[in-house]
Amino acid sequence: MQEILDDIAEVMSTATERGQVADYIPELAAVNPNQFAISVALPNGQTYSSGCAQQLFSIQSISKVFSLTLALGKLGDAVWNKVGREPSGDPFNSIVQLEHEQGKPRNPFINAGAIAIVDAIMMGHEPKELLAEILQFVRFIANDNSIAIDEKVALSELATGHRNTALASFMASFGRIEHEIPQVLGTYYHQCSISMSCEQLARSGLFLVSDGVNKSTGIRVVSSRRARRINSLMLMCGHYDGSGEFAYRVGLPGKSGVGGGILAIAPNKASIAVWSPGLDKIGNSKLGTVALEMLVQRTGWSIF
Amino acid sequence: MQEILDDIAEVMSTATERGQVADYIPELAAVNPNQFAISVALPNGQTYSSGCAQQLFSIQSISKVFSLTLALGKLGDAVWNKVGREPSGDPFNSIVQLEHEQGKPRNPFINAGAIAIVDAIMMGHEPKELLAEILQFVRFIANDNSIAIDEKVALSELATGHRNTALASFMASFGRIEHEIPQVLGTYYHQCSISMSCEQLARSGLFLVSDGVNKSTGIRVVSSRRARRINSLMLMCGHYDGSGEFAYRVGLPGKSGVGGGILAIAPNKASIAVWSPGLDKIGNSKLGTVALEMLVQRTGWSIF
Amino acid sequence: MQEILDDIAEVMSTATERGQVADYIPELAAVNPNQFAISVALPNGQTYSSGCAQQLFSIQSISKVFSLTLALGKLGDAVWNKVGREPSGDPFNSIVQLEHEQGKPRNPFINAGAIAIVDAIMMGHEPKELLAEILQFVRFIANDNSIAIDEKVALSELATGHRNTALASFMASFGRIEHEIPQVLGTYYHQCSISMSCEQLARSGLFLVSDGVNKSTGIRVVSSRRARRINSLMLMCGHYDGSGEFAYRVGLPGKSGVGGGILAIAPNKASIAVWSPGLDKIGNSKLGTVALEMLVQRTGWSIF
Amino acid sequence: MQEILDDIAEVMSTATERGQVADYIPELAAVNPNQFAISVALPNGQTYSSGCAQQLFSIQSISKVFSLTLALGKLGDAVWNKVGREPSGDPFNSIVQLEHEQGKPRNPFINAGAIAIVDAIMMGHEPKELLAEILQFVRFIANDNSIAIDEKVALSELATGHRNTALASFMASFGRIEHEIPQVLGTYYHQCSISMSCEQLARSGLFLVSDGVNKSTGIRVVSSRRARRINSLMLMCGHYDGSGEFAYRVGLPGKSGVGGGILAIAPNKASIAVWSPGLDKIGNSKLGTVALEMLVQRTGWSIF
């Protein structure tokens, strides 16, 4: 495994087409695009890495997997009253679908859906409490209390978040947001601004590898059925309108973030995190996708 | 003329299908639907009325004609960099068109367009100054200093304005809003909350009857060419996605508001205001449209 | 008047930006773009012209005004069960609106609407009979029995008409087309392939100038009310998604065709035909629009 | 396995909500809705069945998997110039997406995409030859020469196929269809009208279970990589805008047809066919989906 990862990192170090760093969030635009890391966590707790796998980066939309998991734990299937579970066929920040479907987001992984999820789990909480709970949950599943929020990134998102304000306000106009929009968005931006390294991120996905149980710690996070369904949602919707392409090329459930990270799950085999800040046109890590494609070819881990 | 108006008011007083009062703005929902008024102002200053033509009502979107006129005076054709001049084919508060056209509203009379106009004329002003200027302009063209803003309506709109926040934020995400959104929307809601009677409203349209000059006062408000173009925009876009229907049935440039008012212009003949709070499905005054249809049939004032 | 038209023709003869000749119909693509003609027909029967006003050209979509008039005569308001009367906000050949509105075209002047009109008036006719009737009607209103169909253009359209087949088939899938599609489209293409000169075209619009009566012949074609409503539809929808622009710049009801012709009506004043084959991006005659703008400025004929 | 299938068939026999039989194709509307069958084919060639598993039914859109496989074999990745591979987020017969994306269908499993695939593989063939080749290919992968086309169903589709004509004509208007539309559609309808039993259908999917090889016959149909990618496409797009729901509930790549059949693939485990004619609102077999959900729960075959 170490050899495979080193080979991949070697190839990536000389890649010339590395995509574009996200530029709409100023803090992210400043990240050096010439970085690459990959980590593979096995159910037994072993972790293999190559590249700068301890380097922290902003997990951004990957956090939506964790907030969905938390929401399913707190609300059960009532979550599906708030969001659907179909691919959207539109960009991550599209508002057209919302107008056509009465303000209900297609799935929990587009921005509107993730904002609706934050609103759903805010019930009975102060924003700060909820944020603490989300962070605590991420630390819990990653088994690492050092994980923290990058406040500078959160503020940077807040300052440039007109599109997300539009999405939240639009849902609110259909009566679908129950809390104050600035509080919902503030929590959402902070959740997206969690910083993790590839090693931490890979370990945080272990519960999705083994039917809801992190076998390295023995802790059950969600039921077997729910874990499989989260994986299904990641496959169908985890890469916005590039989800079909990712499924075709990589063949694993995965969730990308505009920070350049991707978390991918090979059921019963491994949790994988890759990071490279340059994005393709749709907003998914360009080298990250290539690296996962190589990894799957070498390991035969495709679910298909 | 008085006889015609009295006949119309008589018919309207017994109408049973009066439409629905706008219910999404609480202050408007409380208005008694059994009211009707009509006023006709002639270029020579004479005014004929029937029904409760001194009763104040919220002019709402009719104010968009005045803010557009003001914007054209201040900015000239640069206004058309902010908004287009095509019918939208969509409801007044649709956001779909904005996503398809990079955040540029189709015309100045849909909500997004009117918000963009407020943003455009805010340049170099405090919101309160701008609001004072808009109100002053309306008083000027109506030649009536008693015209005022109904603060309760403005607050009522503010409290329920998620959709407008969505529209403004969405435009802002394309870099098309230059001022703080709460200030732009606050000004917009106050502008919409101007109260006028049918008599006042009819007189305020006189400059559009006579090529830009209010002949009763002798004051030129806009150039001849601009007056005709404002009339053209009213005809094409003044009734949202019911504009074709209004042109077909009434055949006059007009602008409706969800308060139940309509301002219609018969070029070289008269400025007409009608008011009845019940709306049709598209959001235009139901009896107001019927009354105008009757008036045009009796007077032959159709522009076609 | 003659002087005005000569001035306009003079300016047009040196224009350098003449637009693009329609290239999707091979027969039309072969037309020399350096041609220009303008004719003004007055209610008293006098006609003024400048440029090549006897040159025949393909009237294309201008024919939709005549088929609508015929349909209203045969079916009355039942026509509105087949098509709406709102601007579409979409290109002339868009199919999106049809899917959103259950196969009912927005208005009779977009392609789908005109095809639906042909289907409506085909009732009880063989296609050839109907075609003869349409041609006869055009000859009647133009008071000119020499008007004919250019069979080569019709065949050229037939050979490249996939988009229109799509529109007709799509409407048929909603049960909105009652006759065989090839027959409906064949009739439609032939109707569009009527050839007329500017002089003939200007005369054919006289009934719309004087409330339904061609005053030069004394013949009533339609009722006063219907004539005004046809004018209203031309203003709202006569130039596809450039209708707002045409109303703004020219201020007259008008209908354009991709052959480069425009018929415009100045109510109570004149019927005007212009022709120049080069089109703007939306598909309306570029110089034709400029010429009408000049004419209206010189004559003050704007309806606003 | 037999016990599991019998249990499932037992439950299905008493189900009361069985969905609606497809009514837009007359021949299919006549099928008795109270039928159910399930077959499981293992890589070693063993087949287990319950219900009326020898009963022939119209495979309809399931045939799209076979024509795509054939197209990939003949044209390789050039297929992706004709169609995309993203979920569409729209109904199976939507035309809106085509207008927004220049006539290129989102994926090979919506109607437009499947029609484009037939057009692609028609190259150099007479329609009858191509049809023979498709049928031969299905017989080959199912290892059963008795499989045939139901001509009555094909004619029934032809007679009611306005929507498909619209889709094909619309693509043709973008230059994306190279053959005569009636020939392309005729071939498409015949391909959809292949009749198979659940047992035959289950066996026909075996090559997708074992990386492109039908292990029971030892014949390689496609490369390992291609087989996995076909599975990926089935998962992402195999159930139209119900694909997310199917992935969530069943967790297997699958393709449905409006005849009520579903082919599902459990990689390395089994090929499964279910049939029950009643459809849900989206057009997928209602009981078929429930049966697969039960099967996966009993066997743990979810790919997630």
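Should a chain be cited, it is by its letter among A, B, C and D, assigned in written order, with residues numbered from 1 in that chain.
We adopt the following convention: contacts are C-beta pairs under 8 Å (C-beta built on N, C-alpha and C of every residue); 3 or more make two chains touch, one makes a residue touch a chain.
Predicted model, so just to flag it, every value in this text is computed and none were measured.
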Chain A and chain C share contacts with B, D
Of A-D and C-D, the pair with more C-beta contacts is A-D
For the copies chain A and chain B, the interface residues, called same if over half of the numbers are used by both and different if under half, are same
Between chain B and chain D, the Cα-mean centres are separated in Å by 55
In whole angstrom, the CA-centroid distance of chain C from chain D equals 47
So, in whole Å, the Cα centroid of chain A is separated from that of chain D by 32
Within chain B, the set of residues that touch 2 or more other chains is none
Pairwise, the chains that touch are A-B, A-D, B-C, C-D
As the complex stands, chain D meets chain C at residues 94-96, 98-100, 162-163, 165-167, 169-170, 172-173, 177, 181
Residue set of chain B touching chain C in the complex reads 84-90, 97, 106-107, 227-229, 231-233, 235-237, 241-245, 247-248, 251, 253, 267, 302-304
